[in-house]
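Both of the next two complexes hold subunit A, though its partner changes from subunit B to subunit C.
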Partner chain A sequence: MSTDLVNPPVQLQPEKALHLSQLAPQILKSSPTTSLPYPLSLLTTPESQETWVVYENLVFQCLRTGDDDSAKECLDRLVDRFGEDNERIMALCGMYEEAVAKDDKELEGVLKTYNKAIQADPTNMLLRKRKIALLKSLSRTNDAISSLVELLDASPIDSEAWAELSELYFSQGMYQQAIFSLEEVLLITPNAWTIHARLGEILYIHGQSPSVNDAEILKSLSESMRRFCRSLELCNDYLRGYYGLKLTTKRLLDVLPSAGKQSDADLPPPSTETVHKLHELATRKLAEIVRRSASKEKGWEGFDPAEIIAARELLDRETQKVDR
Partner chain B sequence: MAQPVVQTIHRDPALFYWILLPITVVMILTGILRHYAMVLLQSTPKKQTLPLIRQHRSLMRGVNLRTNANVLSPSSFAARKSFLVAAFQSGAFLADPDAKGKPRPNPMTDPAAMEGMMGMMKGQVAMMVPQTLIMGWINAFFSGFVIMKLPFPLTPQFKSMLQSGVGTRDLDVRWVSSLSWYFLTLFGLQPVYNFILGSNNSANQVTQQMAGMNPGAGMMGPEQDPDKLFQSEAENLEVIEHKWILEGVEDRLLASLS
Partner chain C sequence: MGLPSTVLLVAGAAFLSHAVYSSYEHALLFSPSISSGNKHPLPLDIVLELLVSITVLCAGIVLAAPKLKPISWRVWAREKETEEKNVNIRRRKEEDAGLGAQVGNPFAGLEDGSRRGFLDVRGARKAFAEWVREGGGGGRS
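This part shows the complex of A and B:
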């Protein structure tokens, strides 16, 4: 049980988060704050490194599930232990303040304290990230982007920040910039198949946008397809990858025959035959994943239910078309 | 040849209570004391300033680009390369652009380096002083005592290790002198400290010396002229051979999955 709290998965399902946060009162009770006088405390309180990680994660989960009191309690203990000047504690406190803020005005107040703290210590990356998150939740995306660019100028090997920047640009419809940012992420983590697939998705969407010309469409579609291929090469059962591969190859099959010769692309567009094969492969694999995870076969659990539904819907759409 | 007669020495039990135990207890206590002294003496690592972080991480970005270049398309790699090479050569990421081209300062006059050395000195002193004192104490009071007998036989090579301070040639190797007991506890108490103080304590001198090495090795890194590093990284980037990993990926995928 405790291992979960020490090392929780990055994306926690809501039920799991609730479960973890319900552990909070129990954990808080079982480790009281009042300790014995000095020589005895050596024997009784084994302060392991995990203790504080558990507290930190409890703060996250409690805030997420609305258990502000337990969060406050954990936070107080963390503050007692590490002091208020610790970077991580500052960020956690800020997060708590954000969570209990009632309206935008209070959030602005939190933002002001962030700005002050960042001015005092511009190297506090965690707090700068909190500020960006806060700007984002205040839907001041432009400010968030400029702060993030500033952060990345000082620390250009922060993959998390580049990925966030990419999402922000993407939300603004600035696909070129989003693609550039994701490529930076890939430079740091070259084998992240999720990032490859995400890049494929953005390229695909970029290829759909009305402003681009035919040559550009073909170029980004074929790169998108190759990105999905790479993602699948790295992770053979990546549902999102197959979904994207199916979409792009289908689109490519429409576009390819009418395409003219290309000169400026980095790689020649794939041959129709290959695209066809890839399309078949993606369809077959998607069907397999949907079928197997529906029958709950061993080793095929753990797909996101929403993604399974989307994949099934995509497959159904196609079969209907054939029927007609 | 007959078995040599087993040596028996009648020891006063007081030897056990007044020499063996005190040495052990004192050694353990000094270890604990040293641990807490080290915790107190430790200076918090100095924070890097933002320009220094920027300088370091920009260099890392160049290294990343060089090692992972094959995830990029040729055109976007070329764009990044020309940007980074130009920036590296002009020193745009340097923390201290004015210092470019100047010879690097003597580390002895650099206060930051001095501080690091002070930290190491403090560690050394906290190690050496109690050691000298205790050894002097044992030499003055307990030298020449044979205080215990090991329950297992040993080869004569151990004689110098187990019987220092007792100049008797014919004494069985199994007898341990007080000074040797001191040395044994000095090196052998790490598990005891681990038990009492937790695993990353700074009680034992051996681990201390190890830790003393590492910051020394780490210190050499930033001592190098950052501008030189940037220039050499720019050159490395210039000559890199680029191959896009997406080239032919669709065939690879088809071959592996069907």
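This part shows the complex of A and C:
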């Protein structure tokens, strides 16, 4: 069996998703079924640790590519094996129902079954998450946020849920709340360099929004710079981190000279000299990454082409300005 | 495992078995009895051969060991960050680690749009249908 099916990234390119879902009939045919109930079925059909993970991933990929029959087949096997009351299976079944629903009315029906099941068992976290995902895809973001807050009240160490909450708040333009949620994620996974970079990005965007005053801009920009620095500390040659660092330091260099001395802040803004140095460092490292990945040097080929193009554009924009 | 380590391992094993065999023969020839005591200690050449063979074996084992994993977080993180998008590195890692190995960034599941608990199945479906309509499917719809 393909290893990609055991641990596929969620955001798969369409070609790969198609390829995986086309494997489904073959896998379904090659793994035999049995009519015996679960503990006895082990006698006739061997199963490995990956077997059911593969089925689970197949359900999603098949639903994604519109191969509902294969998805149903995989789902039936999972139900046969684990029973309909299994939390994970309930969530998967719900996902199938969502995907095949034709209009909003049917989706409302799915939502109702979710509500009923959650009322029966409020500890079913997976189903509660599915409900939130459904609310989000129905564009009822406010309902989604309130359900998510409820869920987090019950289980405040769920980093995934905090990250989702941050995304929802961010989509509503509530940057302060989004930042707070991401900080909660960092309390749980303090070494996640991607989250540090994401937090830096949100802080940067918050610093750009027109409604905030000068002191706030300076504060969130310097915080953003520090977050990007931390992400770079945790991951060498982190392109996203350097990109963000360059943007924030550049903006800070514009803002810093006009800002007055702030002695009351608990963390004073960085000195112009430091920011200047960091800006130079970011520019140098970005240029190095772009150059070495373009010439396909060994150890430098793993970067995302889209990110490389964006970094090159950023650098080009700067040099054009200097030329003028 | 490269050629040098294989050579060292084979040579070391041969020396070791030879030394053991020699000491066995020696013990047979001068089997120590209660009266004689330990009048015939192991000859120096056997002892030397034994030591040399063990040294050679150790060197071979060290040379044959797989490449060391990065010990510092930032180096490890860079590896994870780039292997995710590099199919070749991914494949090699999977072969190294066997099926179901953790490949790619372990925190990727926290990023926007990648959270497993909150999969947006309808959005993914729509995006895929869009991709097929644009002719990305290469005629296979």
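Keep this in mind: the second predicted complex is superposed on the first by the 308 of 324 C-alpha atoms of A that agree within 3 Å, B and C clash if a C-alpha of one lies under 4 Å from a C-alpha of the other, contacts with A are read in each partner's own complex, and residues count from 1 in each chain.
What we mean here is this: a residue touches a chain if its C-beta (ideal position, glycine included) is under 8 Å from a C-beta of that chain, and two chains touch if they have at least 3 such contacts.
The structure presented is a predicted model; accordingly, all values stated were derived computationally and were not measured.
Engineer: Is A:98 in contact with subunit B, with subunit C, with both, or with neither (first, second, both, neither)?
Structural biologist: So A:98 only meets subunit C here.
Engineer: Would you sort A:266 into first (subunit B), second (subunit C), both or neither based on which partner it touches?
Structural biologist: Only subunit B is touched by A:266; subunit C is not.
Engineer: With the two complexes superposed on chain A, say which partner A:153 touches: subunit B (first), subunit C (second), both, or neither.
Structural biologist: Only subunit B is touched by A:153; subunit C is not.
Engineer: So, A:178: does it touch subunit B (first), subunit C (second), both, or neither?
Structural biologist: After superposing on A, A:178 lies clear of both subunit B and subunit C.
Engineer: Figure out whether A:186 sits in contact with subunit B (first) or subunit C (second), or with both, or with neither.
Structural biologist: Once the two structures are laid over each other on A, A:186 reaches subunit B alone.
Engineer: Just to be sure I read the superposition right, which of the two partners does A:223 touch: subunit B = first, subunit C = second, or both, or neither?
Structural biologist: Only subunit B; A:223 stays clear of subunit C.
Engineer: Return first, second, both or neither, reflecting whether A:274 touches subunit B, subunit C, both chains, or no partner chain.
Structural biologist: In the superposed model, A:274 contacts subunit B only, not subunit C.
Engineer: When the two structures are laid over each other on chain A, which of subunit B and subunit C touches more residues of subunit A?
Structural biologist: Touched residues of subunit A are more numerous for C.
Engineer: Return first, second, both or neither, reflecting whether A:236 touches subunit B, subunit C, both chains, or no partner chain.
Structural biologist: Once the two structures are laid over each other on A, A:236 reaches both partners.
Engineer: Output the subunit A positions appearing in both contact lists, the one against subunit B and the one against subunit C.
Structural biologist: Of subunit A, residues 233, 236 contact subunit B in one complex and subunit C in the other.
Engineer: Give the list of subunit A residues in touch with subunit B in this complex.
Structural biologist: It comes out as residues 42, 46, 121-123, 153-158, 180, 183, 186-188, 190, 196, 223, 225-227, 229-230, 232-233, 236, 266-267, 270, 274-275, 277-278, 281, 285.
Engineer: In the complex, go through subunit C and note every residue touching subunit A.
Structural biologist: Interface residues on subunit C, with respect to subunit A: 73-75, 77-78, 81-86, 88-89, 94, 99-105, 107-125, 127-129, 131-132, 136-137, 140.
Engineer: Per the contact definition, I'd like the list of subunit A residues that touch subunit C in the complex.
Structural biologist: For this pair, the touching residues of subunit A are 3, 6-7, 9-11, 14-15, 17-18, 49-50, 53, 60, 63-66, 95, 98-99, 125-126, 129-130, 132-133, 136-137, 159-161, 163-164, 167, 185, 189, 191-195, 198, 233-238, 299-304.
Engineer: Flag every residue of subunit B that touches subunit A in the complex, lowest number first.
Structural biologist: 47-50, 53-54, 57-58, 60-61, 64-65, 68-76, 196, 198, 244-247, 249-254, 256-258
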